[in-house]
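Here come two complexes built around subunit A, the first alongside subunit B, the second alongside subunit C.
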Partner chain A sequence: MQGKRYRYIQWDAHSSPIAFIVAVLIFAIFTPNHLFIDPRNLGSLAKLTPDIGIVALGIGILMICGEFDLSIASVLPFCSYIFTMFFKAGLNPFAGLLLLLPIGAVFGLLNGIIVVGTGLPSFIITLSMMMFWRGLLYGISRMMPISILSYVSKHPGFEKMLTGQLGPIPMQIIWFLGFAVVLGFMLHRNKFGNWIYATGSNPQAARAMGISIGLVKTICYMIIGALCAFASVMQSVRLGSFAATQGIGFELKAIAAVVVGGTSLRGGVGRMLGICLGVFIIQIVENGLILMQVPVFGVETFIGVAVVVFVILNTAVRRRVARESD
Partner chain B sequence: MKRTLTLLIIISLIVSFGLLMGCDRKPAEEVAAAPEVTKPGEGMYFRLVTHGGDDPFWAVVQQGMRDAAEELGCRADIDLAGGDLSNQQKKFEEAVASKPDGIAVVINDNTAWDKPVADALAAGITVIGINNDDTEGPAGNQRLCYIGQNERRAGYMIAFKVFSEGKAKGVNMAKAHVAMAAEVPGAAYATVRAAGVKDAMKEFGIKSFEMIDAGGLEMTTVESRQTSYLVAHPETTFMFGAGGICTDRLTSSLKNAGKKPGEVLAGGFDAAPGTVEGLKTDFLVASIDQQQYLQGYYAVYTLYLYNKFGLTPNIDTGGYLITKDNLGLIEELSGTYR
Partner chain C sequence: MSVNNGNSETMLKMVGIHKWFGKVHVLQGIDFEVNKAEAVGLVGDNGAGKSTLIKVVSGYHRANRGKIFFEGQEVKINSTKDARALGLETVYQEQALAPHLSIARNIFMGREPSRSMGFIAKKVMNKESMGALTSIGLHLRSPDVPVSTLSGGERQGVAIARAIHFEAKLVILDEPTIALSVKEVHEVLDFVRELKNKGIAVIFITHNLHHIFSIADRIAVIAHGKLLASIQTKETSVDDVSKIIVRGTLGDGD
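Entry: the complex of A and B
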């Protein structure tokens, strides 16, 4: 029985890779002229997916911890604005990026302190913070786009580091995978990762074990803030400008990606591999549907259906595992 | 202790917000030292009720509104309903209830604004239209006048320019395919501009057209969808951005799809930084600047002039064709006044 449970748990942990492989195969085979695997298409996916992917890594970890963060949709453009101001002030972009990471972490720290301090649902707190930061950003920036092309062109090394190519591979995907490896190590091979799972799956038991669940959650929020800061710079350098519309909709898309990857909305369940694959699955579905020439107005519908289908599958597998183990 | 700290943080955020919002106010000494000059619009209050959102287009409208308000010495506010018609109508009702000296509203629906505008006028509130108008003009809506671009004509102008370029290059118009990416495909701005593009298509004998759902205002999402479309449709000969964000991302999308400058003849609207770059590097043929600064600026002035002298001018702010040749000043002012 235990062996059988182990097998199903393994299958549950690996349902995301199966979903990913199925999605890739479907689009590789059925897109006209197999356009999905055209190098231009794969290159474009590799270049653009990490904008939301890097932030989704942090969202996934936080959701395993049992909380949400909707404020990323505003923190990301806010960090982009701050970085643009650094550029305009003449600060070296490498120094600017290093300075921005702890600033991003402070955004997360504020979220963490308020969520932990008030004990209120993080969904509401971070939704409010999303509105707060966006309103503040509009007030300060007046929503004016700011071109940074002239600044970026003076620092080709910085531009290449973030948005160049390593052979045929865009740097963005390398950064995404790098962050995934580091955060995956933290989640799966480190005591802090155990604390994250314990906090998400049973906060009372975690507290009884001496884990400071408030601290764990706050650190997770800070990780998201720092990731937002990095992603904002990478995105701005690629766009060539600051735009107040950066990150709009990322909060829900990141949650959808993470859930598709097998992370539970209730906390305590999820894997870094699943989070990564969830991000790719969402982007692949969107990309593949357009390549298959789905009617223009149907793309959003199909994406919604795909998300629901994946969540149902993951939930069904999890319930089956729970029944088998009883 | 934890709750105290949390409360302190929340209060600090509120205070910093207040301080930052007051940043653009002049210091007290400067205000006190300024000689007293009575401006003509002092005491007046105007509201702009728009469907705008985070789109940088509206930042320029706001700039125009602010500049005019400062010159006239009046107060002016702008509502940004984020593309939500019912939200915009709610804001319009709130604006009417606040009894301003005039309201400038974006009429982005042929029927939804008929009664609200008529009721406001009946209640003695001056209402003019800006940015978008009823397709039947004054016959369709009772607004006193309209300040903005003729969207259909603008669509026609940009398409005419781009198609002319194609014809000069020997493109087979009968086999050409036109794609138009829209941030919000069902919105009035997109459908009316597309109608203008189709008018030009008829003149050039082009039959194939498709509207692309670019997925909203987020730049990466727009770029991703446009790129995917271009990869999926190698037959695309002409591509347009229906709005400023789609046009801004066109150049990157074309590059991502492996296109060289001129391989797909492209154009669009507004003068965002990415669009300016596209014009400079020949990925874009032209863009239409609807000079939205003037929509905010003249909205305030027109409402003032109506209050003073009953004047209601219709002002066409749009149709300024930007090409590589006349970029000059546009580039300097891109994102601020253009």
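Entry: the complex of A and C
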């Protein structure tokens, strides 16, 4: 009986690789001239996905410990703005990036302090923070894009490090995988990772066992902040400019990606592999539908439907498991 | 009616403990003792202060007034960490385990055996988990399954195994048999008997007097935040204790 129950849980955890393969196959076959698997398209996907992918890694980890962060949509462009100011001030971009990471972490620290301190739903708090930073940024930048091409061209090494190629593979994907591996080790093999799962699965038990759930959540927020900082620079260098509209829509897309990858909205459930695959699945679906010349609004609708379907699937499987173990 | 077993050492002694939550005076100068290898059943009506007393012992709450002695020494229990460091482990009602985590990760929650940089020593953790389970007579197939796949009785077993693995000297159980089937209740009571066999003192709260009578050495009745009665189990019966509880809450029977 015990073996049978366990089998259902395994199916749930493995649903994202299956979905990934299915998505790739569908678009490989059905896009006109199989454009989806054209190396140029794949290369373009590889360059674009990590912008949101890197941040989504942090969002997934935060959701496992039971909280949300919607502020990423504004923290990302804000960090990009700060980095652009560093460039203008003549700061070496390597130093600028190193300096920006803790600055991003401070954005996260602020989120953590307010969420933990007030005990209010993080969805609302971080939504408000998102609007606050966005308003501030629009005011400061007057919504004008700022070109950084002239600065970047003086530092080809920096440009190559972030947006170059390692053979056929764009550096962006390598950075994404690097972060995924490091954060994956933290999540799955480290004590702190167990505290993250415990905090999300049963915060009272975690607290009773001496885990500081406030600290765990705050650190997760800080990780997201630092990831936003890195992604913002990677994106700006690729675009050649700062734009106040960078990151718009990331907050919901990241949640969608993470949920598609099997992360629970209620906390306690999720895997690094699932988070990564979820990110790819969302991007692949978007890219594939565009290549199939589905009108733009259709793409958004489809993604919305896909996410709901995934949530239902994951919940249905979990409910079945719960019933069988009664 | 206080009977002290003169042959055992006193493991835990609480004297004159007061606890207020805002204006509510929950513990009103309560005295309470537990001896080594003794199982004490804590009973009383709802709101009598049983849970609060337990939480003061386990460090979840801090007493506003009063003294606590553990193994003869006066101690200050200001946090759950202090309590655990002394050897006081608690199995909370429905709060003990994280359902999505594996048995091993639950047993070692917050105390994961690790190598450098905090990386978990998985083999050690799994091996010691299985050892902790078998030491109370719980035989499960693998330490990697999520605890949500276990039955209620098995889950309580895991929580109890966790408590004794960390060399508890006194284990506190808050309603350990609630919502369990008859078979599962027997399993849990067997685990508690194993604790006694190991010389570990046990306090448990329950509303079910029949369960207490099968393993407690002594019954302590709490009412209005005070110790109303402390009786050896063999000198009383379920009916007698019920009467004391009911009388204690109706009148000024303290």
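Criterion: the second predicted complex is superposed on the first by the 323 of 326 C-alpha atoms of A that agree within 3 Å, B and C clash if a C-alpha of one lies under 4 Å from a C-alpha of the other, contacts with A are read in each partner's own complex, and residues count from 1 in each chain.
Criterion: contacts are C-beta pairs under 8 Å (C-beta built on N, C-alpha and C of every residue); 3 or more make two chains touch, one makes a residue touch a chain.
Keep in mind the model is a prediction, meaning the values are calculated, not measured.
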Clash-or-fit label for the pair subunit B, subunit C on subunit A: fit
Contact breadth on subunit A, by residue count: subunit C or subunit B: B
Subunit B versus subunit C as contact partner of A:G117, first or second or both or neither: first
Touched partner set for A:Y197, first subunit B, second subunit C, both or neither: second
Once both complexes are placed on the shared chain, angle at subunit A toward subunit B and subunit C, C-alpha, multiple of 10 degrees: 140
Which superposed partner A:F179 touches (first subunit B, second subunit C, both, neither): neither
Partner chain(s) touched by A:Q235 [first = subunit B, second = subunit C, both, neither]: first
Which of subunit B and subunit C A:Y221 touches, first, second, both or neither: neither
Which superposed partner A:F83 touches (first subunit B, second subunit C, both, neither): neither
Subunit B versus subunit C - smallest C-alpha distance in the overlay, whole Å: 17
Subunit B and subunit C footprints on subunit A, overlapping residues: none
List of subunit A residues in touch with subunit B within their complex: 31-32, 35, 38, 40-41, 43-44, 47-48, 51-52, 110, 113-114, 116-118, 132, 134-136, 138-147, 149, 214, 235, 238-241, 243-250, 283, 286-287, 290-293, 296-297, 299-300
Subunit B residues touching subunit A - in the complex, by the definition given at the top: 2-3, 5-6, 9-10, 13, 17, 20-21, 23, 54-56, 58-60, 62-63, 185-186, 210-213, 215-221, 223-225, 227-229, 231-233, 245, 248, 252, 256-258, 272-274, 276-277, 334-336
For the subunit A and subunit C complex, residues of the former touching the latter: 2, 5-6, 9, 185, 189-192, 194-195, 197-198, 200-202, 204-211, 268-269, 321-322, 325
Subunit A-touching residues of subunit C, taken from the complex the two chains share: 60, 80-81, 84, 90, 92, 95-101, 105, 108-112, 114, 117-120, 122, 141, 145-146, 148-151
